[in-house]
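Next, two complexes with chain A in common: one pairs it with chain B, the other with chain C.
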Partner chain A sequence: MMKGFRISPSMAVVAVLIILTLLGAWRYDGFLGTYNVQTVLRYNSMFALVALGMCFVIMTGGIDLSVGSVAAFSSVVAAHLSGYGLFPGLIGGLAAGLFAGTLNALIITRLKIAPFIATLATMLAASGTALLLANNQSVSVSYDTYFTNLGQGDLLSFMRPEWVDAEDAGFFAGVIGFILSFPTPAFIALAAYIAGAIVINHTAFGRHVLAVGGGTEASRLMGLPVDRTIFLVYVISGGMAGMAGVILASQFGAGQPIEGVGWELFAIASVVVGGTLLTGGNGSIGGTLAGALLLGIIFTILNFENGMGWISLSAYWQSVVRGVFLFVVVVLQAKLANPAKAAA
Partner chain B sequence: MQKISKSFGGVPALIEASLEVMPAEIMALVGQNGAGKSTMIKILNGAYVRDEGSISFNGTPWTAASPQQAQRAGISTIFQEINLIGYRSVAENIFLGREPKRGFGLLDWAKMNAESAALLKRFDVKVDVREPLERFSTAIQQMVAIARAVSFDARLVIMDEPTSSLDEAEVAVLLRTIRQLKAEGVAVIFVSHKLDELYEVCDRVTIMRDGRTVQVSAMKDISKLHLVAAMLGRDLAEVKKRGATAFEESSGANIGGELLQARNIAVGHRVHDASLDIRKGEIVGLAGLLGSGRTETARAIFAADAKTSGDITFNGQPAAFKGPADAIKAGMGYCSEDRKAQGIVPGMSVAENLTLALMPALTRSGMLDEAKQREVVDRFIKEIGIKCAGPDQKIRELSGGNQQKVLLARWLCMNPKLLILDEPTRGIDVGAKAEIQMLIRRLASNGLGVLMISSELEEIVEGADRVFVLREGKTVAEFDHQNMTESKVMHAMAHGHDT
Partner chain C sequence: MSAVSVTKKEPRNFNRAAFFQRYGVGLALILLIIFNLIFTPNFATAQTLAVNLTQVCTIVIVGVGMTLVIATGGIDLSVGSLMAIAGAFSPMFFTGQLIPVDNLYFGIALGIAFPVLIAGMFGLFNGWLVTKFSIQPIIATLVLFIAGRGIAQVSTNGDLQVFKVPEFQAIAIGRVLGVPFQVWIMLAIVIVAAFILHRTVFGRQVLAVGGNEAAARLSGIPVSRVKFLVYFISGLCSGVAGLIVIAMNSAADANLIGLGMELDAIAAVVVGGTLLSGGRATIIGTLLGALVIQLVRYTLLANGVPDPAALVVKAGLIVLAVWLQRQEQA
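Up next, the complex of A and B:
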């Protein structure tokens, strides 16, 4: 069946993403070089994970302001546990995030506190706990375990099969070897996004998330488990923030109690740029990924621009430029993707 | 107000409607939903601009650009939802926007409080005016709103369903206040669905129907029955011919044993003592004027709202549902009258809207069985005749009638025992309406119990096998199909007893 061509918000952001990438490749040496691509992916996968959790929350019409400080809190917990090995660090950090998410979920569904207030409180509490646990300084991770490979290494750093280095490796093995040499956090984020897209599009829970966001009272009258759905999205968001915290600790070699400031805004921006309505009920996991990448690329381009010496933008100005750019993208989307609304 | 017309997007809401109020007169304004009462009021107080017609106020031509301007000129409106600020004190609420000053821009609190207290005393309301407004009952809050209106030297006060959330004692106080206004020479337009109140306090009544003013009469010259008949557009002398709806005559052969029994249901201020029962394969109508508690009773049966008291037996079991989920599990379905806000999920597709409630049954180890979902959706689209571009079309793009069919299908695919339909054909075009009426009858003859709320008398009288009439939150009459006539049902709606 033919469908009328309509620019969906996520298509718009993908288009802008491609244009910016081409612009970068044309203007700067090494922009699409392996090193730069890997660096961009390594760094931005943390934000992408946080944005994924935020996407679930926003689809129900909620908001999670605590993600940044929960990530910081998780990074401290993971750093403390990293000496016991990869898994204790990983699971500890993840559990810290899930714990904070569960706390949010309980406050919101049981005490009926507005998500904005509930997660604001958790944000302060998580930040304070992180500082307490870290004794007000960054907590070094152990380099004796595989823990640092999570953030700094690639998949090959965990296990390096012999054929990767073999002289007579075929083309196929070469390609796989090349792919496996991409940063671990990028794979973690990719896996999370694939899982997220499947959950939203192919499970009852995923459809409930959108139904609750689209009409809470209608959902209740249909007998949908409204509270349970809302509960779970905050747990997911906490878990994603926890995972981001683990990667943060691993990547920078230390638990960072004061990191994570402003991450929630970055995540919200990624979700919104990706075409998910802040009012809930409609949205796209893929769009969120594109939104997170877009923000990352703008940041990289500004860095390259600085590096070329043409302009010298301070970090403050970079924020201004990113803000303006975000604004332009959102306005473009509203104009392009919603001709129906403009006509009505 | 003379020959006022107004349309919204080509749909006329008012057609040459008129309304006239004398000084110191209390005028009742009545009509069904969509009769044009609210539009009329909003044009008078400046919230809407009229398309045609003329208005004069105090003998001079009148056009208000905004409710604020109307208020300054002497027309105040008091809405059902009180539009004052709960956190601020009573006195502040009365004087907001024109606070007495002492110079240097400082507020004269003493004067403000004293004047407020004096103002309220005129209506026999004695409260501490420094307390926040929200501490007081709805009735007192309404009194404060009236006091605010009077302090603007209002010559005309419009009250839009002021008594709907008040209890009896509070209503008595409000009615006394209205008489006090009259004694001071203020005219009042009083919108209410409670007939007893109208007869108690009003001088004349203006009856509106379908955007027109159909009758103006002195209250003492019109009986309750005539008033209801005029509202509903029924001529008492005319013997109604059958066949205005697509409901087929029921043989009654398929009606089985008892399915639901609700006894002495009470919910908040709206429902006091509602009782009804439904048998298998039976369409039971629930009739009553607006505000008689029909929807509230239905929601209580479905456990969408908690009932204050009363017992419900469903399918032979006492029903102690904690929420709609339990009611659904037991075999109930509920189509809300507010299709847009409480029925459809506008951004989702036809297929998803149809299967949302069925999701658990379509899920295998957490994953949605999309083939099975498609099968269910295709079957119901065909069976019920839902007209859409395909299962993936967004439901908000469908016509009202087709949206309603999707909502019906949503419940039918769960194989319910009882379906509660609140205004199933409101806002639906004639063709689709007939299809839905036929569908309801077909479902009932297959054994489904149906509770149907409708404001259209012909739908109730022709469609229902039995009808219960609610009046001010109480079940006042029950008719079976043989002795059900429009005039009997109307009589019960108006007077509360069936003779």
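Up next, the complex of A and C:
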């Protein structure tokens, strides 16, 4: 029994995230303050969404390089449609993402082209289309509609009772106030992650995803709908990228055709740091969320540490630190993974 | 009758696919040139040739290293970041910032040799991750894709390093026989690499590792050493490309050098006919692949199609090239 017990990589990353958060709260003033938490969550929920879609794809043993430019593409579409209201912008952006995801899915399942190349091509195509639609510049969203609330608003702020902000409010009230101050994108990402976890753990489709990643041929022989499963994960990934694009446009007030460069690799890093093996067949939705937050929080910690005045590290250190993190995680994973898998 | 036609048809079908596989890129290039000669004004000028060649130089140089890596069944995402590292360090040497050097030419020699070697060292790091820990190449090289540019930015504080050293810049913009020097560098690297890949034991070992790693190991090929070397070579190529970029711009910007290069290089390799799964590779194909991609873009631009639309066409080109590969395998 003891031999079978192993700290799973995703548990480890959640633990590291909690430790870093506690460390930050202890060391820096305002680290868990409303403003900082809002900023971190608002910005990183886009990456979290993209990473969730990537997690599905990676669990089938595939990869999606197109997510960054698909997000840029859908941000442009959403910005163009934002004048018609919140929902047209939202649905338009989402549809743009789903469309690109479907294109990936078709190239991969029908033309039998490797995901790496298929999504690389879609990345170029989405980027080109975004620039064409945006006429090579960022597209301002409409401020006459509620569209910007999606990225800039705080979903539950309307139901915030006054007593949570009272001077003598207790710990409980503080927690309630803290949660009520979460930005809208964070709730969107959270909802997506909960749905994702349910789909993977409790539906036939989720089991198919893991089975296909574990062994495509074996799944096919067992009669599982392999192509349909692969098709769907790319559509999901496209949809997530589309949603991230909608938030991007809403949050920064503009559709940004050249945004999203390097998002795909950031998302892959989040998934891997979260304990999902790139070989497919296993994976952790919660770990991916923790991985995305972990990579995001490094930047914040760096900022706060600079503010302390002990050290002065430029913002550029964040890529170095992220890279080192990824390095440590993949080496640990390689050492922990069973040797048979490592040799394969 | 049907039996006869089947037996006759099969080999011919195969040959046609193999023909396109082998000569498809060259054919596409020739067709593009003919099209341009007819429809694009001022195409047959030395100026056009120089513009198109300098556009592909760095892609081809990086693509050569990438071809070798892909030939072993790997991939190298870190090339752009390694270019940035080489490009960021180089000016520190020849402007005497790091070590004061009296002799300008000695400084330039250091400014070329050291950054290329540093990039090669980072390539070895990739090789170390891939061989020692059996980490998938795409993840192993993702580490330096993320951290590498950070290292370049941190070491220059993200600042633009502007310099005016014509003796150094000659490696990119100097001309020999009317052709920019960087084109000669590119041709030299292509010829040497093609020779290594097709005529040496090491080249055969590279293809053997990519074709069937287990079999290669069993037949006594030093698999780890071969992999180490291809990532090292890819690092060196990236270093050279990084130097050419800064020499062309007469400035080093760690934020921009080689940005997105990994995708351009992979696209050139794939369009050139190298199998992404490893085991079959062509250096000349990579050169032709890069030229085809560039010429398509040039053709579209010269005929009034906006650049973003050219991106979409490039995407279609990549899918088409790989689809044709699939047809042959099937």
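Everything below uses one rule, namely that the second predicted complex is superposed on the first by the 290 of 344 C-alpha atoms of A that agree within 3 Å, B and C clash if a C-alpha of one lies under 4 Å from a C-alpha of the other, contacts with A are read in each partner's own complex, and residues count from 1 in each chain.
One rule holds in what follows: contacts are C-beta pairs under 8 Å (C-beta built on N, C-alpha and C of every residue); 3 or more make two chains touch, one makes a residue touch a chain.
Just so we're clear, the structure is a prediction, and the values are computed from it rather than from any experiment.
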item	value
Chain B versus chain C as contact partner of A:16, first or second or both or neither	neither
Which of chain B and chain C A:281 touches, first, second, both or neither	first
Touched partner set for A:223, first chain B, second chain C, both or neither	first
Chain B versus chain C as contact partner of A:208, first or second or both or neither	first
Which superposed partner A:112 touches (first chain B, second chain C, both, neither)	second
Chain B or chain C, by number of chain A residues touched	C
Touching partner for A:139 - first (chain B), second (chain C), both, neither	neither
Chain B partner contacts - residues on chain A that touch it in the complex	1, 202-205, 207-208, 210-211, 214-215, 217-225, 277, 281-282
Chain C-facing residues of chain A, complex	63, 65, 107, 111-114, 116-118, 120-125, 127-132, 136, 261, 265-266, 268-269, 272, 278-279, 314-324, 326-327, 330-331, 334-335, 342-343
Interface residues, chain B side, partner chain A - complex	302, 304, 323-325, 327-329, 334, 336, 341-348, 352, 356-357, 359-360, 362-363, 366-368, 370, 389-390, 410
Residue ranges of chain C in contact with chain A within the complex	75, 77, 129, 133-136, 138-140, 142-151, 153-154, 157-158, 259-260, 263, 266-267, 270, 276-277, 306-312, 314-316, 318-319, 322-323, 326
